[in-house]
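Take a look at the structures below.
You will see subunit A twice below: alongside subunit B first, and alongside subunit C after that.
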Partner chain A sequence: MALKAFSQEWMDAWLKSIQTSQEYKEIAKEWEGSVSIIVNPDPSKGIPEPIYMWTDYWHGEAKDFHYCDKAKAESANFVMSGEYIRWKQVAKKELDSTKALMQGKLKLKGDLTYVVKHVKTVNKVVDLLAALDTVFPDD
Partner chain B sequence: MAYDQDLEFIYYGPTRVVFGVGSSREVEVEMSSLGCDRAVVMTDPGIIKAGLLDGVKDTLGKKCVGVFSDIPQDTGVGIVNRAADYAKECGANIIISLGGGSVIDTAKNVCIILKEGGRCEDWQGLGMLSGPVTPHIVIPTTAGTGSEVTFATVLFDETKGQKVLTNEMFNAPRVAILDPKMTEKLPPLLTAGTGMDAMCHAVESLHSLQHEPIADGLAIHAIRLLSRNLPACVDDGSDLSARGQVQIAALLAGWAFGNALVGVVHAMAHSIGAIARVPHGIANGILLPHCMDFNLEDAVEGYGMVAEGFGVRDRGMDSLTAARESIKAMKAFTKRIKHPQKLSGVGVKEADIARASELCMSDGSILNNPKMIIDSSQVLEIYKKAF
Partner chain C sequence: MNQFIENRAADEVPFSNVLEDLMTQNIEKHPDKMEVLKKMKGAVALNLQDIEAVVTLHFDGGKMTIDAGVVGKPALVIRTESGQVMDLNVLKIKWGLPYYFDKAGLKVMSHILAGRLKVQGMFFHPILLTRLTVIMSVM
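Coming up: the complex of A and B.
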């Protein structure tokens, strides 16, 4: 059954898929730090308020995925923000996340050199997200 | 060149361009048209020594409220913070940069701090600005960086020992004033090195994974202008006609790579520059032909366009042959302009290239390279060939 995008169940399923991926454990063994995801509001697409999500990773382990408030989101090691439509494209693998950053379609607050060095980790996390059976608010 | 049906891109190039011999005298008019009346000029000691600051200061008159000139070859986070403090103390409402890439990139980051506050290190990331920054007019004194029209900057981060990129749509300079007189006194080696920086921008934008038709067109014409005019500038620095065309080429290549981005050549040049302090343009010029050899199979179409720019693609020539011809042309061109050929000849030690190979893997430019680079050993092999 498809999971509703940006729901806690969806985040839980994403977390579980990362935790059970042996490939992720290997690729991400040097990654340290939290990543928050901010989805800008778009009432016409069913996103009336901004969505703040907290995800946390440590040496091949995914620790904790949950909603948070704006202040906590902005305190993450890496803060990624963007329009709903961009996040949907990323989650469906229609848009490469690093390309989106370079093109200004998504924003990043944090150390770009670290992200580049660990780009395989980033790509694997997105691959696992894209593999989820997801229904989006405007589908 | 065929483009896929699903081609999609965003092109952005908002900078107003003023060109002509003596056009630096337009700076006050351009500044006033932006509604500004308190300029701090950012420059470097070499520019002052060359006498290039005097005319600009005279033109600005009382509207010049300060000059910050403590900017070295590779600018950094600490320098930006000091420059921003100075500009704030002066009450600047516009920054005028008079210099090469290091000066321009310092000024761009100062403009962010003046508008948004904080320190330079607070603005690490991509796309973080909320709106246009403090106005910035650029008068380049080299022809290569293209930074006069891009929204990217490169800074040396003293804490990381690495050059870091910023990319902010809102940080494109408002006006670029290209005055060929400003590059007239550049010595041949600096002319060749900065010119190869422009050439590298053009070639890298053509082979970038994010290349697109507008940037491609700009890049091909940049190569055409460089191949015809850079040798003349090296031979006779006072040839203002050639100087002007090379300035235009650098600007076109700036627009091209500002949108299509750059690849492994820049990642490697940034890294060896951070470690061995090789001037950026010279590092690019040495590495470019070797990186083209490395990328060849994955950049056939792009290098076919490089061959068109060089005028070495005969009618009916297939793309692979044209791509090979472009590499031959590039090697011959760097020799023609008496550009350094080896990293070992510009102060790089063998131990430096191993360190640079590792550093290179965290440079954002590497993501756009046509041939995927998954291991630093691939980069090390290129460095060894260029050593």
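Coming up: the complex of A and C.
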């Protein structure tokens, strides 16, 4: 059954898929740090308010994925933000997340050199997200 | 604008902001790269064809200026795609030179040999290319 995008169940499924991926464990063994995801509001697409999500990773383990408030989101090691439509494209693998950053379609606050060094980890996390059966608010 | 980078392409080419952030953070993290930047003189055009981003980097005595498009007659013109630029960023530097004999280095070499990474002027300006690689590498 398809999971509703940005629901806690969807985040739990994403977390579980990361936790059970041997490939992820191998690729991400040097990654340390939390990543928050900010989805900008788009009432016309069913996103009336910003969505703040907290995800946390530590040396091949994924620790905690949950909703949070703005202040908590902004305290993450890496803060990624963008329009709903861009996140949807990333989650459906219609838009490469790295390319989206370079095009300014997604913004990153945090140590960019670290992200570049560990871009395979980022790509794997996005691949696992894209593998989920997801239904989006405007589908 | 920071102390050593002037980004005049900020409004026109979103990629220039990523480049500015990456170079700033990289040089702040690795102060030895500042010494390399100080030795650089000349211009390099960077054309990322897949995201239609073209910038010219002008180097002069420890300062880098970023302009939108190809400005003047750059000594080096690099044509590639956004993913391949990321591969350049993870080249290891050994004894002050880019190291092409590990996985990351061989990947960059394969891009050059396959024509996925074209560097016009590389035979006439090898020192500028080497120094550019050094300051762009996050390793």
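In this text, the second predicted complex is superposed on the first by the 139 of 139 C-alpha atoms of A that agree within 3 Å, B and C clash if a C-alpha of one lies under 4 Å from a C-alpha of the other, contacts with A are read in each partner's own complex, and residues count from 1 in each chain.
Assume contacts are C-beta pairs under 8 Å (C-beta built on N, C-alpha and C of every residue); 3 or more make two chains touch, one makes a residue touch a chain.
Computed from a predicted model, the values in this text were never measured in an experiment.
Undergrad: Is A:V119 in contact with subunit B, with subunit C, with both, or with neither (first, second, both, neither)?
TA: After superposition on chain A, A:V119 lies in contact with both partners, subunit B and subunit C.
Undergrad: Look at A:L106 in the shared chain and tell me whether it touches subunit B only, subunit C only, both, or neither; answer first, second, both or neither.
TA: After superposing on A, A:L106 lies in contact with subunit B but is clear of subunit C.
Undergrad: Could you look at A:T98 and tell me whether it touches subunit B, subunit C, both or neither (first, second, both, neither)?
TA: both
Undergrad: Could you let me know whether more residues of subunit A are touched by subunit B or by subunit C?
TA: For subunit A, the partner with the higher number of touched residues is B.
Undergrad: Give one of first, second, both or neither to describe whether A:Y67 is in contact with subunit B, with subunit C, with both, or with none.
TA: Neither subunit B nor subunit C is touched by A:Y67.
Undergrad: What is the shared patch of subunit A, the residues that subunit B and subunit C both contact?
TA: In the superposed arrangement, which is not itself an observed complex, subunit A uses residues 98-99, 101-105, 111-114, 116-117, 119 for both subunit B and subunit C.
Undergrad: If we count contacts the way the header does, which residues on subunit A are in touch with subunit C in the complex?
TA: 96, 98-99, 101-105, 111-114, 116-117, 119
Undergrad: Which residues of subunit C touch subunit A in the complex?
TA: Residue list for subunit C touching subunit A: 14-15, 17-18, 21-22, 25-26, 29, 48, 50-51, 53, 82-83, 85-86, 89-90, 138-139.
Undergrad: Would you pull the subunit B residues touching subunit A in the complex into a rising list?
TA: Within the complex, subunit B touches subunit A at residues 9-10, 124-128, 160, 162, 164-165, 167, 169, 209-210, 261, 361-364, 366-368, 374.
Undergrad: Which of the residues in subunit A end up touching subunit B in this complex?
TA: For subunit A paired with subunit B, touching residues are 79, 98-99, 101-114, 116-117, 119-120.
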